[in-house]
Structures are given as structure tokens and as C-alpha cells.
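Attaching a single structure in C-alpha cells format; questions to follow.
Just so it is clear, A, B, C and D label the chains in written order, and each chain counts residues from 1 on its own.
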Amino acid sequence: MTVTVTKSHIVVAQNASGRNMNVPVYRLTAGRPGPKVYIQSSIHGAEVQGNVVIYHLLQKLKHLAVYGEVILVPNCNPIGTNIKAGEYTLGRFDPVNGTNWNRGYFYDEARVLDFASTVKPGTSVEQIKTRFRAYWREAIEQKLASPLGLGLAQQLNLQLQRLAVDADYVLDLHNGPVSARHIYIPENARSAAYCFNIEHCIFIPNVFAGALDEATFCPWWTLQSALEESFEHPPSFGIEAMTLEMGSQEVVKFDEGEQDAISILTYLNQRGVLNENHFQPKPMRRVGVELTNYKTLYTDFGGMVEYCAQPGSAVNKGEPLARVLNIDELDNDAATFTVTAPCDVIPILHFPSASVLSGTQLYKVFTQYYTLTENQ
Amino acid sequence: MTVTVTKSHIVVAQNASGRNMNVPVYRLTAGRPGPKVYIQSSIHGAEVQGNVVIYHLLQKLKHLAVYGEVILVPNCNPIGTNIKAGEYTLGRFDPVNGTNWNRGYFYDEARVLDFASTVKPGTSVEQIKTRFRAYWREAIEQKLASPLGLGLAQQLNLQLQRLAVDADYVLDLHNGPVSARHIYIPENARSAAYCFNIEHCIFIPNVFAGALDEATFCPWWTLQSALEESFEHPPSFGIEAMTLEMGSQEVVKFDEGEQDAISILTYLNQRGVLNENHFQPKPMRRVGVELTNYKTLYTDFGGMVEYCAQPGSAVNKGEPLARVLNIDELDNDAATFTVTAPCDVIPILHFPSASVLSGTQLYKVFTQYYTLTENQ
Amino acid sequence: MTVTVTKSHIVVAQNASGRNMNVPVYRLTAGRPGPKVYIQSSIHGAEVQGNVVIYHLLQKLKHLAVYGEVILVPNCNPIGTNIKAGEYTLGRFDPVNGTNWNRGYFYDEARVLDFASTVKPGTSVEQIKTRFRAYWREAIEQKLASPLGLGLAQQLNLQLQRLAVDADYVLDLHNGPVSARHIYIPENARSAAYCFNIEHCIFIPNVFAGALDEATFCPWWTLQSALEESFEHPPSFGIEAMTLEMGSQEVVKFDEGEQDAISILTYLNQRGVLNENHFQPKPMRRVGVELTNYKTLYTDFGGMVEYCAQPGSAVNKGEPLARVLNIDELDNDAATFTVTAPCDVIPILHFPSASVLSGTQLYKVFTQYYTLTENQ
Amino acid sequence: MTVTVTKSHIVVAQNASGRNMNVPVYRLTAGRPGPKVYIQSSIHGAEVQGNVVIYHLLQKLKHLAVYGEVILVPNCNPIGTNIKAGEYTLGRFDPVNGTNWNRGYFYDEARVLDFASTVKPGTSVEQIKTRFRAYWREAIEQKLASPLGLGLAQQLNLQLQRLAVDADYVLDLHNGPVSARHIYIPENARSAAYCFNIEHCIFIPNVFAGALDEATFCPWWTLQSALEESFEHPPSFGIEAMTLEMGSQEVVKFDEGEQDAISILTYLNQRGVLNENHFQPKPMRRVGVELTNYKTLYTDFGGMVEYCAQPGSAVNKGEPLARVLNIDELDNDAATFTVTAPCDVIPILHFPSASVLSGTQLYKVFTQYYTLTENQ
């Protein structure tokens, strides 16, 4: 059985010329039963490396024995990819109104609880999953059909979410500004941390803030919690959704993308999408942090900054993070000053420009982090 | 007793050159006891007409018998005012991250309820107000002093909010894109609708979405509700906060600004800041709508648009709102089409550019609106 | 003989998603011999009204007896039309590098003179025209095929210019920021001023600054001048090219576009493209100015501005053009000041935002203008 | 004799709030006679590393025996430094109109020739220099005083140029997008190539294209040429002006800035501003190219790009420069393609974003370059 790759395009928007903006959708299957996987990249337009990861995934998957189906959606935001402001891509938000392209997915806790109240004890997990998927797709489609319309980001998000609604495993490929690789993992799927070759892992709670990973796992997690009372043996739906941050934005690296693809295949191998001996997680240090301890360090000054800390390398309390130049005081001791770590941290990413206003996200850092060990 | 005008400047940010960005604060008092008023303008940088309104307010107030104190803060966002993108001002959101400049004010319902639980029955309204203001200022200052810093918009918002924390009447002067004048009024202060000379009034509930008016009235409203059970005669704090939309952005009109200033003085006259016979509300039609019925009409198409409806003028269901050109179909019947009103509406504002992508806020409209009559 | 409308699309660019960006081209002919006409619109992306004019031209032309061929190219810049920065369209220049979209057309005086040196006395005007067109097309195509490539704006311009190279009459439809209608007419075709229904006419010399009108008339005008010595009866090529400024950018008005279309048909009627009695120039005041007297008034201040003068209406020396608010001096006499006309002027357009930095083009004005009379 | 550092600020613009935008000017002298030096940085707002170089220059110069005077002007464009568009600085051009901040300096060949015609044979070089400087300053000031005003970029440029008009040595510190260090040297001062520690040298002719280096050397070079006929021993004015490209934009590196400062001090040491044994040019490979052979490679495609070539490292004809991903063709052989060098090149800089439209400046490269040897 060989893998079949089916390509289609979906229209997600129209531009000001009235032309359709479309997104490529690649579906891979070998006709074997198995889980469904949905992977998209570049919902933030400047975060392009995920497209290369998807390229390598597709090249490799088509020669592997795939179980179930894998849907790959590269370059999923054709608007955000194409707004230039100077040489860079203004890709994080809608240039018209500032809406983050990654905050308009659908979730409605009340609807999950409504559904939960209709589930009769004794229903099989598979029956529940089938019914809930239909129910949730219907909810997304109702939202999409809002009689007075929807904003562009939300329209885009919902159309992508509809593609992902049947998936068991959803991966949303992002990049940080200048960034080490890291991954957001729902707390109820902590074991996934050991399935990728990614050192830095952030564990997030069952809280919806608008992103695709949350929009995917929150309904199932909430449903599971709601059913725990009425079920003797609590059902486990096994739906996982994660955001993978594949290094820095504005950068394409084919070699690194191949390693990232292998990392993802390793995860899929653990989840039964593949059955290959050689895709095993690398023995490596893995570091965890709870979302609440993943902190942003804002500047209280404006100025020109050297980023002294390397993303991914620990910095102890009091050690330098940044050195700042004050162009109006070059003739005295205030010409430069140093920003130091307020506690022991691992800087994960920093602002991509040396010029910062006050209130800039200088660094995002792990605090109170810990080494992950599998028997934990 | 003559009015004294005291001018100061507060620093609200530093730019990338390390220079302080400051905001002018004008304080007017004649030494008479009375309420406190806080009025700011241009938190959205392209919405400049409020600055002209404040200019006229200051010119007029300095010749009037002012009771209490009036604080006027024009051009309160020196960052947003100065980001150009093409000829226009990119004033609604932080160009770095898309954060709306008007969504970072402070509110925390739990803190209000904590405070409420400390209020002993029998405490006078004035005592509660004094204590609560101190308590709330402290909360704002704690937030401002966050050990890892805050984003720029939030820093700016909190510094302005601190100036407004003692005020009884808070007015935040805005503009729409292409817009008729309208006003957001908290439902618990509906009578204010009759105190301005503004035709279109939106009544909003006790819900915090980040803006200054909400950040001002939500604490007091919530406190009042919380105390209603423990007080025989429920306290009335009389704090009012409103957002006034003074026509269209990117436009300065001195004459219209004078009329707007008179409208605001009329309101202040009703509230005891002035005691002048001639500042009486104009007899005029006033139209109300609940916030939930103030609707956005989004496009489901991209293209080039003529706005056929005039902001402020009623459009019946089925009548044209916009005519759209399709440049790829000029040789057939699809060359143009018409967007019609989905129900009876008053268009209040429309998008300021003829070029729209799908998902654009074409119009915001009153639906299920009604004429306001004072005995209602 | 009825008019045939042939639609095609040409690819002028690829976006960052790798998708082709194309431009619609409508060709109208009734099979009658006659001149060639080329009309394009929206090379500056926010100047959209010309698209409506082309819509009306097409609707009308298809019912008229057309002589020769009319090529209509609406929305000729699919990149510039689709760069939003805030709600407005960043349409005047390439957002990557600031290149004005209207400055990359081809002209090379030396090549014209080279050609002129090959023309033998006695060659007929038609022969010269045919040979020169082939020669000039070849030059444009060589440029387009530059071995190391070309910048985006230049690629776009040259592809459009290639469409226009055979035309006898070339009209480039633009808009000003906030603007009265006006037209740029080459000095050697002054009589065209009486063929449109446009009040304000700017006469320009045989100087190339990069725009399509100049790129069209400069070669012929230069060729004609060069041949004047060797020809007893100097040849007259009759090629005309003009930039028409159809009011304000960011605005679509179908009714006004119909009037503009009639104005253009009136011109085409005088030039033999039509033969219709009812397309006659309106009797109206027409005002002329030499390009050198079409002046830009820059600000030497930054601030917030009311534009007191109406585009198209005369302002005498010393009368107010703008009133400026100074938000830091509201408490003293420097709160406002007035900018007055430095001489008698007709303001033709003004900056579209009330917020200006120092060095802003506040107004462009006619100075030393005069009423045009046909016997002049 | 110790070095005195005098700091002042000049106002170069007003922002839309009406506030003055100023530029720091540091003047260093020890009271010894000697040449005048003018060094500025960051006329392009995102090119910030030059500010660090000036910081190090100032720290070092204040401990050295300075001959003459050194004027240091860091952060010379307070507007361009502070326009953010997304996280990056939109620093190369005025966001209002696209005008490159580095193209509005003054030069007028006719005025130089006018002056030359007034120089009597036998006048000493010093007399000519003194008179010409006064003459040229007057010309700049006349331009600055244009009765109808000037555009912002030009106002800024002329005010800086006025500071530099007396200087013998003018250095304008820039950065490329992602760039190796390189330097623009006028052909008539080729020997300067051996005075810095910069490997890549571009030799430019006596042609004015708007930048400060050209605006500085063109007048003197032209004057010298004009006087060559009338002078038996042609005068040599020894005025040098260069643009130094100090690596990549958006980056601050203190350590590298110190090396750059040493490189500049080495040059100044050769020119008599210092008299220090230890500032000697490093023995190193130096590579030269004529400006006409410094080529831009534009893309003829849009897509996502990996830059395979390292700025500063030679690439032979046919070797890869870039690898391009085509997100719509991941399922076939067109998924990627390679852009190769059209001839032997040294890539000096490349575009800073992986996302490119067609017509993007992918690389700027040396072609037909050669190793510089001092006896050449």
C-alpha cells in the first residue's frame, strides 16, 4: 500500500481586488485505518519555517506506511504572508485592525456542557467522539454562517478549524521572533513532551485564549471532565493539540526543517500514525515549565539594545540579559546600562529589533523550570 | 473667583531614541467645592477632533464659574499620534504588536467584591467613596509596578487611569472612521442621554472590555450592586463615565469642536460643575439602542465600494448600503452589485477606505433603535 | 458593426506565496479603422475612482460606434491595491523599499536620437511611426529582460507600458489625496485642455520624471524635435498622453465616475475614436498653469490641522489656508495659529490627514494661473 | 592638553504632536590645530550599529591627543528611528511618502562651476577652501530657507549637511539588511581603502545620487577638475567622504562596534587627526570593485527563500545562492528550486526576510572584483 497525496485548495478570503485567496491542503493516506492528523503552518505570516517542515514531512511520509490520514496545510494565511511593511512581513496581526491572526478560533464551554448532559452512561468512547465531532462541526459552521458576517481573522481561523475538527492530533507550527525551539503541551498530555526532540516544553492548562491548540483540546478536555462524574471508568478521548515553535521568524532553513520533520514523525510514530522502529525520541535533556512561570520581561525604558543572552541557554539571577545604549548621554556614565536577570531564567526568545520603546517584550523566559524525567 | 489653569506634563513612555514621551495635563479650578471631571482625547492617535473640543472647553471654562475641578488631557497618546503609515495615522493599535490602545485599563471584579465585604452597614456614601478611591488607586499603582514590567499600551492606559481615579465624571473623546456623532452611556446613567446635544446614544451594561469608561464605571456599579443587600437604602455613588464619538477620524474642524464643547458644558452644567442658565440641552430627536443591538456588518466579499448610506440617516430593510465594483467582470452583469440593509438600521459609521477585503467592518449600525423621550 | 469586448489577464508579479498577480485587460473594437487608445487606472493602489470611470467607459463604449481600438486596464497594480496599513491602502509606493509605483516607466533620450539619425528625409509619418513603435517596443522588452532582473515597480510599469506602446492616446487615471479634478497636459498638446470637462489644467514640458504620460509623449516629442531640422514640413505624430486626476483617493463614487467617463468620451470624440454629435465639451471656465507654477506648500511645523480652503476654489494672498492646534499651549495665545496663502492661489489638493509632521505637503496650489480661452 | 567634549542638540523636525525632534551633537577637540572630522550614524532608522561605533569612538577619543575637531552625530534621524511597523523599524524611507532618508542632500554642479570661474590663478588652496566653504554653506542655507518649504527628509538632510560642511573627512555610518561590512570610497581617494580594517571596498565615481558622501565629495572633486585647466599645479583639496556599512541592520553588538571604532581611528590616524603608533591598518585581504560592477540580483519569482550564501564569502558561477520553496507544489518536482550565481560573485548583503515578492533585491554582489594591493 502506497501513500496517496491529494492536493486541493480552499478559498479563505477575498482581497481588495476581489480575487480569491486560497490555501493548499495536502491529504495523505495509504488506506490503512488509524488516527487523523492535522498540521498547519504560517498562521502568522512571517513564521515561515513551518512550511519547510511540512515540505519535509510530505517528502518523508509519502515513502512511509501511514496509518489513518495526515492533513498538511502550509502557508495557511495567504493574507498575513503578503503584507509587507518595509522589508519584513507584518504577519502577526491583521494590518487593518490589529487582530492577532491566531485568536479567532471557536470555543464555547457552555456548548460542551450542553452536549455532556446528553451523553448517556454506557455510551462507548467511539460513539461519543463521533457524535461530538458532528456536534462541534455544526457549531463551527453556524458561527461561520453568522448572518451579519465575521471579521477576516475569524473567518480564516474557523475555516481552518473546520479542516481540523476530526483530527486526533493537531499541530500548529509557529516561530518566535528570535527564538529557541519550544513547544506548548496541554497538561493532560504531558507525556507528549518525551515524543519530540524539542528541549523546551511549556505545559498549559485547560483555558481557552483563542489559539488553535486550545480550540482543539479544550472541548475534549472539558467534555472528559464533565463526564467523569457520570462514568464509572472515565472516558479518555486521546485528542492532543500542540503549538510547536520552530525557531525564529523571517527565516527559512531547509536542513533544520528536516530535523523538525523527523521530530514530528517521531511523535506520530508514538501515536500510531506510523509504525517505524527508527523514529525514536532522541535521548536529550528536556526542560519543563508551567505556563504561569513562562514570563515576559518588558522594558521600562526605550533605547537601543544588545541581546546578550542566547535563546535556550540558562542565565542566572543577576547575569546580563541586555546592554542598552543611551545616545543622549554618550559623554557620561549613563551612556550604557545593563539589564540583568531578575531570577534564574532560560531566555526562550527575544525581540527581533535592537530598537525598543518602553513596554517592549524584551525576552520571554522560563522561570522555575525543571528537568523532565520520564518517570516523573 | 476666577478659574486657574495649571499645566503640567506627565511622562507616559520612552521612544526608541530613549526620549521621554509626555502628555499635557491642564487642571482648572476656581477654588469652589464641587465634583471632579476628567476628560481626555486621542487615545486612538488618528482621532484628533477631541483635541479641538478640549481646546474650546478650556477657552470657555476659564471664563465660567467652575465648581470642583476639571482635568483636561488632550493628545493623551503621544506614541499613537505619531505613527504614520502612508499619509494616514496608524493610531488605533500599537504598531509593534497590534494591541488596541484603548483596551489596557484596569478592572478586577474580585477586588471590588473584597472591598465590598469590608464595608460596614451605616458607613456614609462619602466615606465609602473616599476609602474606595484610595483602595482603587493603590490597585492601579500595584499593577503599574508589576515586577516584570507591562506592555506599552497598558502602561499608558494605567497612567491615564490614575489621573482619572478621583473623578466623578469621566469623558473619553474618540472618533469613528467616517462617522456620525454618538455616545456610549452606561445603562445605570441613562438620563445622561438627555444632557448632551448628541442624537445617537448606545446604552452599555456593567461589563468590562478594557476601555476607560468601563474601567471607571464598572468598579462603582459593581460596588453599588454588592452593597445593595447590606444597605437598607442602597448607596448611589453617582460616578459616570462615557465615551463620546465626535465624528470622523483624521479630521479637525474648529467650528464643530466648539459645538461639541458646548454639548459637554451642557452636560457638566446638569451635573453641578457649572451653574449657568444658558447651557441647556437642545430640544432635538435622540435615538437610543442597547449595545447588543449595535451591530457590525462585515463584508463576505473583497472589492471596491461606494458607501451609499450617510452616517446618521436611517436606511430601511432592503435599501442600498453599498455598491461594489468587480474589476474582473466589467464586461458582464457581475460588474457591480449592491449590498442592502438586512433590517431597518441607522448606519452610524462606515469603513474609511473604498478598498475592502472580505471580513471588513463595512458599517456599524443601530438596529432595534428607538426614540428617547425623557419620561420613558 | 457592434463593439466586441475581449477580456484577458496579464501576470505582472508573484506574491510571497508564489501566486501570480494579474491585471485585467479589456480590448474594445468594432473592426473600424482608427486610432488606438490606452487607458489604465489605479497604478497608485488607493486611487480607485479611475476603476469606476473605466467601468462606465466600458458600459458606454460597447453601445457606440468605435473607430480603432480602446484598451482599458483597470486596477493595474494588484500589489499596491492590496497593501493595507491600518484601514487605508498604502498605495503610492512599494512598502518594501519606498519606490513610487509611478516612476519606473522607460525612457531613454539617447535611443530616440539614435533612431532619429536613421530616418531618411522623405519617409512618411506613418512609416516613421510604425518603425519607431517596433523600435521602442524592442527597447522596453530588452529592459524587461535585464539579465540580473528588475525591481517590482519597474517590472510592473514596463509590462503596462508595453501594452500602451502602440497607442495614439494614453490616459493614466489617478486621484489626489483630497483633491479637485485636474489634468496634466503636455505643452505640445495644449488644445486637449478644451476637450475634457475638467476645470484645472497643468501644462508640462518635454521632461521625463518616470510617469507613464511622460514615458509616452517624451519619445515622440523628442523624435519630432530631432526631425524638424531634416524635414521641410516637420512631421506631426499626434501622440497624446495625459494624467487625469479624478478627485480624491480612497473614494468610489459611481455617479461622479459616469461624468468622468463622459468627459473622456468627449475627448475621444474630438480625436476620432468616436463620431458622435452629443459628446461635446461643456462650456465652462477652464484654468491653466505651467508646471513650474504648480507649487507645493510644505509645513515648517508639526501639529494638528484644519484645512480651511476647499480644493478648486481660489484663495487670495493672506487668506487662511489652514488652522493649526498646538496641544501643549492650550492655556495661552499660542494655542492656535493660521497658515495663510503666500500669494493668490487655487488649492488643488491637500494632505488627507489632520496630523502633520514638519515637512508635510500641506497643499498643492496653482499660482500665476490664468483662464484658458480657445483662441489663446 | 585633554580632549573637551561639548554636547548640544539641534532640532531637525517637529512631530504631529508639535514636539521638537532633536539630534545630539558631540564636538571633541583638544585645542590642537588639525583637520575637521564629521561622523554621523542612523540616517536610516533601523541601521543602529553606527551609534555603538560612535559610542566607542567617543570613549576612546577622549583619552587621545586629538588634532583638529571631531563632530559625532549619533541617531541623526529621530523620525526614522521611531517608526515601527510590526516589531521592526521602518527606517529607510519616510513612511508618509516613501522618500529615502538618504537622498535629499544638496548638490548643484552649476554652482560649483560658477564658483570655479571666480577663482583667480595663484589663489592658495587654503584660500579657495575657505571661500568655497562659505559659498557652499550659503547655498545650503538658501535651500533650507525655500519660501514654500521643503519635504521632511530634505529638511533633515540639509540640517545635517550644514554641520558637515567644514569637515575634511566625512563618514556616514550605515548598515545593510543582512550584510558583511563594506565601504563606499570615492575613486579619487582610493588609497583610503588601505586605511580601514574593512575587507570589501566599492569605488564610486564623481556622480551625485543624493547621499551625504556624494554631497560632500562631488563639490570638491568637481571644483578641482574645473580648476585643473587654470592651475599649473592642480590644487588638491584632500576632502574625503565615505559611507561605511557596519554589518546588519536591526542589530547592536558592542564588541563589534569597538572593532569598528578602532578601524575608524586607524583611518583618522593616517589622516593626521591622531598621531598614535598603535592605530595601524591590519594586514588583511582587501577586495575592490567598481560601483558599476556592484550588482543587484532581483528575483523574477515570489516565494519563500533560504539564503545559502554567506555575506562576504565568494560564490562561484553556478553555485547556489538561494533555495526556494513553492508551497503550492509540495507534491511534485516543482516543490523547490535553486537560484545560482550568474557569474563569480561575492555576496555582500541579502534581503532580510525569507518571504519575497517578484522583483525583490535578493542579493547585492561584487562581480569582477579584485584583490587590492597597495602598490597597485
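Operating definition for what follows: contacts are C-beta pairs under 8 Å (C-beta built on N, C-alpha and C of every residue); 3 or more make two chains touch, one makes a residue touch a chain.
Since the structure is predicted, the reported quantities are computational estimates derived from the model, not experimental observations.
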item	value
Far-end chain from chain B, centres as C-alpha averages	D
Which of A-B and A-C has more C-beta pairs touching across its chains	A-B
Whole-Å gap between the CA centroids of chain A and chain B	36
For chain A paired with chain C, centre-to-centre distance based on mean C-alpha positions, whole Å	48
Residues within chain A bordering two or more other chains	15-17, 19, 75, 81-82, 84-87, 89, 92, 96-97, 304, 327-328, 355, 357
Chain D-facing residues of chain C, complex	13-19, 79, 85, 92-94, 96-100, 147-156, 295-304, 326-328, 342, 355-361
Residue ranges of chain C in contact with chain B within the complex	5, 7, 9, 24, 26, 45-46, 48-49, 51-52, 54-55, 58-59, 72, 74-75, 81-82, 84-92, 177, 250-254, 304-306, 323, 325, 327-328, 330-331, 335-336, 351-355, 357
Touching residues (chain side chain B, partner chain D) in the complex	15-17, 19, 75, 78, 81-87, 89, 95-97
